[in-house]
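There are structures below to look over.
One chain, chain A, links the two complexes that follow: it is found with chain B in the first and with chain C in the second.
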Partner chain A sequence: MTEQLVRIENLKKYFPVRTGVLSRTTGFIKAVDDISFSVNKGETYGLVGESGSGKSTTGRVILQLQQPTSGKVFFRDREISTLNSRQLHAMRKEMQIVFQDPYSALNPRMTVGEAIAEGLAAHRLAAGRGLQEMAISVMESCGLSAYHYSRYPHEFSGGQRQRIVIARALSLQPSFVVADEPVSALDVSIQAQIINLLKNLQEKYHLTYLFISHDLGVVRHVSDNVGVMYLGTLVEEAPKKEFYAHPLHPYSKALLSAVPTTDPLAKKQRIALKGQIPNPAAPPPGCRFHTRCPHVMTVCRDTVPLLRTVAPGHSVACHLV
Partner chain B sequence: MRTYIVQRLLLSVPVIFGVSLLVFSIVRLLPGDPAIAVAGVHATPAYISQVREELGLDKGLHVQYYLFAANLLRGDLGTSTFYKRPVSAILLERFPRTLELTVAALLLAALLGVTAGIFSAVTRNSIIDGAAMLASLAGLAAPVFWLALMLQLFFAVHLGIFPSAGSGTIFHLILPSITLGAASAGLLARMTRSSMLEVLRQEYITTARAKGLSETIVIGKHALKNALIPVLTVLGLQFGSLLGGAVLTETIFAWPGVGRLLVDAILTRDYPVVQGTVLVLSVSFVGINLAVDILYAYLDPRIRFDVKGGAG
Partner chain C sequence: MKTQPVPDYCPSAAAAVAEHRKRVSDFWWQLRRNRLALCGAAVLAFFTVVALLAPWLAPYSPTAQNLPASLQPPGPAHLLGTDEFGRDILSRIIFGARFSLPVGFFSVAIALAGGGLLGMLAGYYGGRLDNLIMRVMDVMLALPTILLAIVIVTALGPGLTNVMVAVGISLIPNFARVAKAAVLGVRELEYVEAARASGAGTLRVIFRHILPNSLAPIIVQGTLSVAGAILSAAALSFIGLGAQPPTPEWGSMLSSGRAFLRDAPHVTTFPGLAILLTVLALNLFGDGLRDALDPRLRQFNR
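Now for the complex of A and B:
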């Protein structure tokens, strides 16, 4: 029996485009344009797509780090986009974020211990001596040592920094973590370590992840469900096995064809995508992908394809399907 | 940390030596003969050469420098040819007045500039931001003599609330320190704003918010502490350039500091006073920079620890 932890409904986030000396709003970047999905408790939802497709914005809006333009975010069936600041403070403990860049994610002037203890104190999870004990225990469960407590971030390598970032997020004992490209900035050899750490922690603490990545190879290792975003919209969503075995959207197929395989017999044709991702301030009419789609038809140019369920848990937005 | 300070202290020794040599040479490159200046234009050649001998100007340049440097090490800056008093005594009178003006200008600039910069960054693209940045540009661009004149006209002549020149009370200090500090305030406002915006973009700021910290703590503790490090360096460097800028401001406002002393000394070919003044200004400059560097290392753990490995 799966239980939903996080659900978003018709979420939109538009950023105003300002031009001229008077900075008048002349248009909107539709970073997230009407998407809905849910993340099951204890599972990992892999959100994939090229850079600029709106994945990070989705993550930030879910965590209420940015206000949605419209739409709703539910956490344990409670709408959190309308909470007041005191209710939101309590909710923050439940939802944490791990960023891609472990350099920019750590305050250079705070020791590892301070960074972790600060959150613990803000939520009154510990006080006095207990702060340090608790911080060290989280650090150790993330593969760090007690003596790292009073070290500064610049003394660590990228992989270790990411462990610190994870420890800091987990110290608040959240139930939901948005991991925004948590391994994209790391060496391939380190990536596996961090992925394994995230998986182990998930099992140990029953965590629910929204795992954001542009790397379908990585997503395959961690996800239970996969959602594909393109220019602010969700174009396909499916359970992991189903998605990797039968991708239906031409964009999903193209992304998958670019993942290197270790199987030399697997005959794969790399589908090259034409051109660049279009400007999100002026997305193409009809299907947003039609300018780059190898199977483009007349209908694609003027009619927006709706997300339709084609198999249990598998939906796709394409006129071909 | 201690090795770092010692290292920096040792480095400033050759700098100060170089400055003393430079000061000594430049003074001697100035057109005009100090012996004539002291003896008077109508003095007999015999009297002039007697004065020259008394001043030690008949000796070779290397001997003169040796004597200058040897006296310097004993803290003796020579005797003013114009005031007929020890240069150190004159400087002891005048330098605190310049320091007073400079510190007042710097405090004013820091207070105004940093506050404006923070508010600009936090309310980016708002009317407050626009107004503050326009004002900072005006402060940076206004020529000192023009600004001084305008302030004198408006506050002294028109409104009559502040004295237009001279010294003695705290009110005398206000117009000169605004004049002197305006450009620094503008610069600091712009520096603070861009530094704050840079830091606010960092992911640890977003994380701090995600941790559930209040906006006051996010801005005051996480953002400001990091953003003010580069601002502090500029502030220190501004102190140095304000000391130099005081020369003009003091002349306009008849402020009895070393700035005016220097201008008068150049006009009267008072070598020892020129040498002494420039030297004291330079040593202060070096000292301030040293203090800023040490403070910087203290504030930024990345520097504090890297020096162990030798890198800066």
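Now for the complex of A and C:
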């Protein structure tokens, strides 16, 4: 029944650190370091982690907006990291992105209609009146009106801008959308609207999402599967229910304990992590989380824990389990 | 100035498209409603017409000497007075527009095209190309602009055309730097990434996204540079590399009148005013152009 739409294998993305006048490479920022997962067709894969954990880079590498250092990206069982520019151009129709900040994601000098129609024009799918009608129909399905076509982005609020960004992503009728923190920049009341819009669109157009977020509450609402990233690696992966009921990795537990609840009487034990995420140019040896882990053991300091499957679909990289 | 009311709600796609067209034509409307920009444009148009009609407008020949009437202050016979050879200053300014305006405009056009292109390439592609271009620009910047222009015009030979080319080339590094900085700022924005994700090619990304959004500082640099270009050309004329002596050119009038600044200030004042007015008009017009191109600054009468 479940069919894979996107699969990544051993994906790595290192950014060279260049210093000095000769731009010599003195090191690498290991933004994404050897991760593998797959996204099922019609489902939402929630990728969570704190800032700097490599979530956004993963999304961009999947879309080939950035070249992976190594590893493979498969879309419909076809490897896309080796496509030439023409094949890639055709592939782009299938995969789109929704950005976090709707203010920098829209060109201030293009009208809403021009922005949404751009993909259609770039792929020569329509022209003239037909182009405009197609753009307007996408706008309407995203809760915008036809008269917004010739407005400029600065005339809109954050929530409406995010609708524009979503409409732009959907104009090419993609099957896969990377939603890179699509609601983090919005007010909570608007977040709900945008989340519901994304869910409705998913049903209507049978979309598959890679939903990147640091908000576990939102991820719980939208995802079918959840993957937790820490410092460029995947530390835990599980179906949603399983993940929220039995988180196994200490990092996942800490993240979940930070989710606010609506019950004021609920006594929750907050696990406060100390310090900051380490420098991804020089990740700690052994388990990358050992510098902040409340249950750190000797083995964690020098042995890298491997991702092991502990239950169907549930894998975790930790020496404790 | 009549404006159509912007409809609050257009029910059909056709109406939306019609409104879209109207808004695109708003660019001219926006430019027109900016009074200062309009004044600037008027002054520029005035100087252009003066330059074109110089032989009919000038009361005297710009080169006819009248030594007995030298260094006369402004009066009924010579509205703006005469210079050290008794030549009518008004006539010289009128004919000078034929030389000074093109020098200013063409040299800036050369600098804008060359520097803008180089800066954009450096900013967009980055890496080695950026390093190569910007280091060459640094070498050019290490020499004072005027010295660089002297070197170029010496190599090309004296003459007004060569002066334009020389001044234009010597201004290229400034434009390249401004353009590169502007492009760098825009290149990393998410809408550029979004355009690429939706399949837009390099040319489309550059011309639809990066260029329009990095234009503002380049326009300002352009309007500011015209003055510098006219003065650089004047300096070249002064040392005998540009407009040759009898030719009426604002900058060279300024330089040659310098010797009489104390006794006959009008000899330098009026060509100086002509340059000042041109530059002011250009700046006002440039600002208006920049604002009219930016939809965020548009005003609508709702």
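Keep this in mind: the second predicted complex is superposed on the first by the 316 of 321 C-alpha atoms of A that agree within 3 Å, B and C clash if a C-alpha of one lies under 4 Å from a C-alpha of the other, contacts with A are read in each partner's own complex, and residues count from 1 in each chain.
To be clear about the criterion, a contact is a pair of C-beta atoms (placed from the backbone, for glycine too) under 8 Å apart; a residue touches a chain by one contact, two chains touch by 3 or more.
Predicted model, so just to flag it, every value in this text is computed and none were measured.
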Fit or clash - chain C, chain B, common chain A: clash
First (chain B), second (chain C), both or neither touched by A:S145: second
Touching partner for A:L172 - first (chain B), second (chain C), both, neither: both
Touched partner set for A:R129, first chain B, second chain C, both or neither: second
Touched partner set for A:D101, first chain B, second chain C, both or neither: both
Partner chain in contact with A:K93 - chain B first, chain C second, else both or neither: both
Touched partner set for A:V73, first chain B, second chain C, both or neither: neither
Broader residue contact with chain A after superposition on the shared chain, chain B or chain C: C
Chain B/chain C common contact set on chain A: 23, 60, 63, 65, 89, 92-93, 95-97, 99, 101, 104-109, 118-119, 122-123, 152, 154, 165, 168-169, 172
Complex contacts: residues of chain A adjacent to chain C: 23, 60, 63, 65, 89, 92-93, 95-97, 99, 101, 104-111, 113, 115, 118-119, 122-123, 129, 132-133, 136, 145-147, 149-150, 152, 154, 165, 168-169, 171-172
Residue ranges of chain C touching chain A (in the complex, touch as defined): 7-13, 15-17, 19-20, 22-23, 131, 189-191, 193-201, 204, 208-209, 212-213, 293-296, 298
Residue ranges of chain A in contact with chain B within the complex: 18, 23, 60, 63, 65, 88-89, 92-93, 95-97, 99, 101, 104-109, 118-119, 122-123, 152, 154-155, 165, 168-169, 172
Contacting residues of chain B [partner chain A, same complex]: 125, 202-204, 206-213, 222, 225-226, 299-302, 305
